[in-house]
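Common to both upcoming complexes is chain A, partnered first by chain B, then by chain C.
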Partner chain A sequence: MAAGSTYTPIATTTLGSNQAEITFNSIGGYTDLVLIVSAKQTPALNTQYIRFNGDTGTNYSYTILSGNGTSAVSARGTSQDRWYSGYYGVPPTDSYGIEIYNFQNYANTTTYKTGLSRTNRASGGVDAMVGLWRSTSAITSITYGISGVSAYLTSGSTFTLYGILAA
Partner chain B sequence: MLNTVFGSLSVGVTPSTNSYESIATVTVGSGGSSTITFSSIPSTYTHLQIRGFTQQTNNSGANCIIRYNSDSGSNYNSHYLGGNGSTTGAGYFTNGSTTGGYAFDSANNGSGAFCAFIIDVLDYANTNKYKTSRSLSGWSNNSSGENLSVMSSAWRNTAAITSITLQDYSGGSFAQYSSFALYGIKGA
Partner chain C sequence: MANTYTLIASSTVGSGGTATISFGSIPSTYTDLKLVYSARNTVSGTQEFIKVTFNSNTSSYTLRSLQGDGNAASSNSWSFQWIGYAVGSTATASTFSNGEIYIPNYLSSNNKSFSSDNVAENNTTSAQSIMAANLWSNTAAITSIDLTMQGGYDFVQYTTAYLYGISNS
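Moving on, here comes the complex of A and B:
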């Protein structure tokens, strides 16, 4: 009944120097993708983001459920030029945050694309989020970046992309 | 109300790459489907994960329930935390006011968007435990009316889970292109 093992590592990158973005290409051949991020940033409190296929149009929206130890909040972004994927759970400066992204049916060419994320900053808060890319194109590249002028993901941050293939 | 703030939790631990196996996948055809059932689930794994990408034909509500081994008794309870882009909400269900445990909240077909969800069912074949699951689900439609939720649900039965059924609580159907994939995660 089972089709065999899956959840295959596609690529892993550890930053050797500070940089603002990292892009995964050559990601075809799976049903879902999972991106695991352990990242720090400088300076503090800039928001991370996801872009697909280098699309900088206002084709992204997202909904947030977030808590900071005191209260919970829900908010949305519409017609954005990227999926801002952190609220309280942005990459820390004093330790590495934990972020997990799931991109379902990313290669289909019929529907818009939906992703789920959980981003966490122990010193700040935790987020759950859903992001929408209003495109029926197959996702062929994923960019993770940090927004803000002179903002960088710092050396030592790691990014691992996995592929899951359904039966 | 439930369709606007309804919850589940997931995005779980990353399995090692040789312990995570695809068991079965269902993709809904042009006629839609009111229920999705995975049957004859082998007991050879430790945990199960269901990964979905769904849209429902019912525009007025899109709450989905999960039922194990076709049990429609009052044996399920759930807690959730959700957000709809402007407010948060939390709640619970006990003793099968539904005929299954609430599992996730799917996108309605007026949105143009599909919901993504992940459900983890832990120790599904253990005959000494009630069965628990957690899930994360959400959909965005570039407007209001979307939903994101985390949820945990329990089935108060010690039987091994051999079948899982997913369906729209309000009687709608899953729309074309919806897909449901069942995976097994092995223990050491």
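Moving on, here comes the complex of A and C:
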């Protein structure tokens, strides 16, 4: 592999205290983005979400394929105020989960933006999701959070956003 | 610019085949590991399980899988080192299963959660596509990774595996 210029860490954070959201800004200059999450949450199991550019309008939709070790299911949500991007990947107890997000061609100003997520916890289940943000704006910030009242990502959770450059 | 996505080592199986693909002495200079493979094995059947072993420790592995075979989707729980299938000797000639595992924070003192994806397409009436949430309940830093086949079968010639180190700084 050519030395290093095509896969660059943009920002990395290890939470020093509990918080509900984390936002990545100043993410320009790349072709695609990858977000790696290794996190826990408190106090219970709630759904993770993604928002782009702080948009809280009902401009998101998603489709999930999920397995809990017993059955496989699929579901959809349309006209949501966020991309509900995973369920099993951030456990409230036991070991850290793992989540991998891909945001392709995120800076274009022509098309709506599609993201992919793979969220995992061996004691809970596995999800594969696609999310759509109906905006032609370039993505300039990404907010990752936990839904639910008084729900928090816990101290020690790690988040790294990588930029991939096509040339 | 720093090289943050680095090939640590690779393996291409020769004409005699091999029972184990090993990556030892993994440097402690990265944040995450990614293992990408393309595999076929000698089982007399269409496919067999691929197993991963960290630090030569074969215990305390669990997973939940989500898979489809072209006919139905299902999900299962396992206490096993499984990361997917490698097609076998009766599978369509020249087909190899492809897959990858992603291991975040492989040096941490936490148990090691990792993600696996695998496909075993072979242009027949049934083929597997699998994703899984895996866990090795061990707090040791990962220093070696072995790939083997369930049943002790060999990986065949042209099987490949690449181990990458990813740094977050």
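One rule holds in what follows: the second predicted complex is superposed on the first by the 156 of 167 C-alpha atoms of A that agree within 3 Å, B and C clash if a C-alpha of one lies under 4 Å from a C-alpha of the other, contacts with A are read in each partner's own complex, and residues count from 1 in each chain.
Here is the rule we use: a contact is a pair of C-beta atoms (placed from the backbone, for glycine too) under 8 Å apart; a residue touches a chain by one contact, two chains touch by 3 or more.
Just so we're clear, the structure is a prediction, and the values are computed from it rather than from any experiment.
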| item | value |
| --- | --- |
| Chain A as common anchor, with chain B and chain C clashing or fitting | clash |
| Chain B versus chain C as contact partner of A:125, first or second or both or neither | second |
| Which superposed partner A:79 touches (first chain B, second chain C, both, neither) | first |
| Contacts of A:134 with chain B and chain C, given as first, second, both or neither | first |
| Touched partner set for A:166, first chain B, second chain C, both or neither | first |
| Which superposed partner A:32 touches (first chain B, second chain C, both, neither) | first |
| First (chain B), second (chain C), both or neither touched by A:65 | both |
| Chain B versus chain C as contact partner of A:88, first or second or both or neither | second |
| Chain B versus chain C as contact partner of A:117, first or second or both or neither | first |
| Partner chain in contact with A:102 - chain B first, chain C second, else both or neither | first |
| Chain B collision site on chain C, chosen from 44-52, 80-88, 116-124 or 134-142, when both complexes are overlaid on chain A | 116-124 |
| Set of chain A residues, in rising order, touched by both chain B and chain C | 1, 3-9, 36, 65, 72, 74, 100, 118, 128, 162 |
| Parts of chain B lying in touch with chain A, wherever the complex brings them together | 9, 11, 14-15, 17-25, 40, 42, 51-53, 55, 81-88, 107, 112-118, 136-144, 146-150, 177, 179, 181, 183-184 |
| Chain A-facing residues of chain C, complex | 1-7, 31-32, 62-68, 73-77, 102, 104-105, 110-115, 117, 131-135, 137, 164, 166-169 |
| Residue numbers on chain A that touch chain C, as the complex places them | 1, 3-9, 12, 36, 38, 65-72, 74, 88, 94-98, 100, 118, 120-128, 158, 160, 162 |
| Parts of chain A lying in touch with chain B, wherever the complex brings them together | 1-9, 31-32, 34, 36, 61-65, 72-76, 78-79, 100, 102, 104-105, 108, 110-112, 114-118, 128-132, 134, 162, 164-167 |
